[in-house]
């Protein structure tokens, strides 16, 4: 792998950022009652995961690994984005069906599926 | 060269399959008849063609290999047929008698439903296929396939009237008892592979004959195991119990399977493997003893039975005993000869009895018969000729074969065969006594059934009638054969012309010469004429004839004329204990029931009640279900139906995981 | 310079992430999420992943969030629930757990040795697009195809779910 | 470093100025052109041929009362026009508008007549920005608190998204044949001759792609025959029903800037940029640069006129027809072009 030019950013910073974002997203998922909002928080969590991938790919690109390894991280992010798209499509469709059925997407009021 | 060999069984198989299909399609009797009888007829034709070709070519053994059946590493089994004098004789008479009985069945079974008729003929053809396979097979596995096949067919046909559960029970009994024998046979096959590395007759027997000393012990072992199989299939003590019950099947079946062909498979197999027995005196002696004892034992039971087919069944058992006695004293050819003649007259007898039962509308108890001679002459005369044959009256077939066996037994005693001389004398005497009894109970049948006046009541008497030609024709043919068939083995040596004994010379090559003369007697036992002088042989002949005549006389005194039935009744009262003993067949079935069946039954009961019902069902199955239900009841409170709680628990799980992995 | 840009982007990302989670009006959530995604794209670009930056904007901002907007507009939601309303225990635990998970990763980041990252050398005119494309249809071909299959499945599922006959 | 910034700043200023001045000119051209096509006079009072008419309009719009209806969601309501205009403007920074032969400005290389020369994801950037145009319509429609606006917004965004796909896929063919994402390379790849007698313009090598792209860009810019979002004559005037004065002007300008950008993209992607057929620019240096810009401008001008021409010639689609066209005709055509390019490249046809 040809010597890559360094960027003046420690990859741990990126990791830290992803940690913070993940925490925020988790809070959103756990505390919001609006289904759509929960979904948005989920997207945030996905992005933070992507950021973690990016962080390590970033590190590998700086000569700690082969180009293939460094690339794998980016490709994984690509796939995560694709999956997120699919998930958004299906999930939102579910919300629409749900809304038709119960006139709400407040997840606390959608609790008939239990003993 | 012998292209038609494979054709013989395959034709029958085709017939069987076709009949099954026809039965399923609900075809009429006519079609089924054409297919069923036609296929067997064609097979018979093919058999005779093969025989004719065989007689017109030099080689004494012809082996045809068709394809490799099993191939596992070094050891392979070919599906191959073998035609040598022995199988030639067997094939020809099996297919011929089988064909006759098929013809007979047309008339006998014509009252069945179409489906039943088709089923019957399908099974019958299948049986022919298996039997021919058994006879033609050129190695033990192929033979075993046929062996199992005939077992299966006998089971199916005994249970033909499966609506009556005693018939089904009889079928099961036959099958299960045969299994015991088959186990021995299987072990024999395995050990053959272990010892010789192959099961081809053309390889193992010469090998064994070449080095008798080396293979002596192996031969004893294998021979005894094989004989276990033979005991099962040929209904010898102690496994004979299934044969009398097998009479539950239709009479033609009894005639074909349980008299003429299948039950003689054991004899055929022993003769086929004669080399083993000849190089192992022990095995040979065991065969002789079992045979002799069975002969007399079954005959005594036959004395007092009243069911006509039962009597014939026991006589079959005892005749089989004679055959084994013959094999046991080294008279293998005589044994085969007796197989053939026995096939003729015993088939004739059964078919005759079948015709009688047919006339009496299913009545089998001889006490309800009598005087049938008037109504069914053909049946009577053929039956009579067969009876004379089995009783050993000269000129008739049975005489030659049985007398030769007895002579050989005596010769074995005189020649001190394998140094067991005295024992063989005893066996000879048993055989003689058996002959007396045979003559007696056979003529008892004749007198009780055909002579005197009818005891079955008026309305039964009205529809007494001679059977249709399809039934009488085979009767006639078999009757004639049982009259003259014996001349195939005319004891020429009595007149100093050995050449006259055709079958002896034809089959003798099967008895391979044993290399060293250490067992010379065995080799010589093939022709026993040096053991006893000519005069002594004549004496023996006269003795056996006299014995037979004596038996007939006693039967006449007991069951014919003014004071018929009086004397036997007195005897029965005087020796009531013995009478009961015989009437109840020595309580053998009860003994077996107590000793074998009951314990197994109790064991099964234990397995069912305790192991299955309690341990498995209650503890394991229901217990598991109960456990799952319990945990479910406890855990369901976690299922709040609120997504966020689930999400929270997932997050907690992640946290825990992270902490653990940290 | 780069560092400052990164810090700025990170700050924007965090702030707008919070804005995307906390306010009860979903529209504001979505819009702030758009901004946050822009910050993400900027960070990707800084890390030399320009292709991903573009993809991030096209797919997330251009497609997914528009979808969210649609749904919000169509369902015209009236649910105004205060953040973390109801189930106080749930709320408390949620905050705790989230904070702890984030804290763990933060601690990890703090423990790791802060090496500088680098940019993967790409062709002058294509940047990483060329390399990523090669890898996608090369070593990762199977997963690539599989993803397309997944997307097709998602489309079919969405169409079926939103049919009127479903109810 | 500062020099770079200066260069970029100059370029930026130039581009923005040009784009913004295009708008009033286009207004005038549109009105006169429509008059010409419909055989009437059009504005001819203010200045010669009414050339000053747009200026007056601008003044009018600027001085109008800036009213905000009741019940609007204020933030998005104000955000929408800004998004629209900024998106329209910022797409242009990846578009090259002239041939660069190593010229210098303030003693510093200007490397390429393009605002962001080393933006190596060129076209991707353009699409990324263009995909944000949806927000302006959606937000405008939704925040107006008016169901007609909402419908208009949904119509517009649905249309935009649908045709974006066809557009992107059509462009993929071009990028493949050029082997680059940057438009200057796309233009360079279009110089020379194809099959011996045709200019190597993508319009010839990928005719289907060109047609798809042009139609799609009509839909993207909400122009007739796809101007359903603002079909004031039969539907209530779309997502900017509730907008007036300068905010409306922002939407208005964004549309025209969008038109200009689309025209430039057509030129660059399919019509050889500043290349002339068969002859290459005779003289280098600034003269050559200016000449190439002139060629480029001429082509763009042609396409702008083409927009006007089509607008006043064709009738309007119905919405379902529009959607059907977009999904059932444009998409397959684009994919077909994509396949054709792949096959042709594999066979070495170009």
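Going in written order, the chains are labelled A, B, C and D, and every chain counts its residues from 1.
FYI, a residue touches a chain if its C-beta (ideal position, glycine included) is under 8 Å from a C-beta of that chain, and two chains touch if they have at least 3 such contacts.
Since we're looking at a predicted model, the values are computed, not measured.
*Asks:* For subunit C and subunit D, which third chains touch each of them?
*Replies:* Expected: no chain.
*Asks:* Closest chain to the protein's overall Cα mean, using per-chain Cα means, please.
*Replies:* A
*Asks:* A-C versus A-B: which interface comes out with more C-beta contact pairs?
*Replies:* A-C
*Asks:* Taking the mean of the CA coordinates per chain, how far is subunit A from subunit C in Å?
*Replies:* 5
*Asks:* Express in whole angstrom the distance between the two chain centres, defined as the mean CA positions of subunit A and subunit B.
*Replies:* Inter-chain centre distance comes to 82 Å.
*Asks:* Rounded to the nearest whole Å, what is the centre-to-centre distance of subunit A and subunit D, using the mean of the C-alpha atoms as each centre?
*Replies:* 34
*Asks:* Calculate how many whole Å lie between the centre of subunit B and the centre of subunit C, each centre taken as the average of the chain's C-alpha atoms.
*Replies:* Distance between chain centres: 86 Å.
*Asks:* Could you list which residues of subunit A touch at least two other chains?
*Replies:* As it turns out, subunit A has residues touching two or more other chains at 26, 30-31, 33, 108.
*Asks:* Where in subunit B do residues touch at least two different other chains?
*Replies:* In subunit B, residues 642, 644, 648, 651 touch at least two other chains, as defined above.
*Asks:* Could you run through all the chain pairs that touch each other?
*Replies:* A-B, A-C, B-C, C-D
*Asks:* In their complex, what parts of subunit B are in touch with subunit C?
*Replies:* Subunit B reaches subunit C through residues 642, 644-645, 648, 651-652, 654-655, 658-659, 662.
*Asks:* Along subunit C, where are the residues that touch subunit A in the complex?
*Replies:* 2-3, 6, 10, 13-14, 17-18, 20-21, 24, 26, 29-30, 33, 36-37, 40, 43-44, 46-49, 51-52, 55-56, 59-60, 63-64, 67-68, 70-72, 74-75, 77, 79, 81, 83-87, 90-91, 93-95, 97-99, 101-106, 108-110, 112-121, 128, 131-132, 135-136, 139-140, 143, 147, 150-151, 153-155, 157-159, 161-162, 166-167
*Asks:* Could you list, by residue number, the parts of subunit C that touch subunit D in their complex?
*Replies:* 27-28, 31, 34, 41, 50-51, 53-55, 57-58, 61-63, 66, 69-70, 73, 122, 124-127, 129
*Asks:* State the interface residues of subunit D toward subunit C in the complex, per the touch definition above.
*Replies:* 73, 75-76, 79, 120-121, 124-125, 127-129, 131-132, 134-135, 138-139, 142, 150, 153-154, 157, 161, 164, 180-182, 185
*Asks:* Inside the complex, what are the residues of subunit B that reach subunit A?
*Replies:* Of all residues in subunit B, those touching subunit A are 636-637, 639-644, 647-648, 651.
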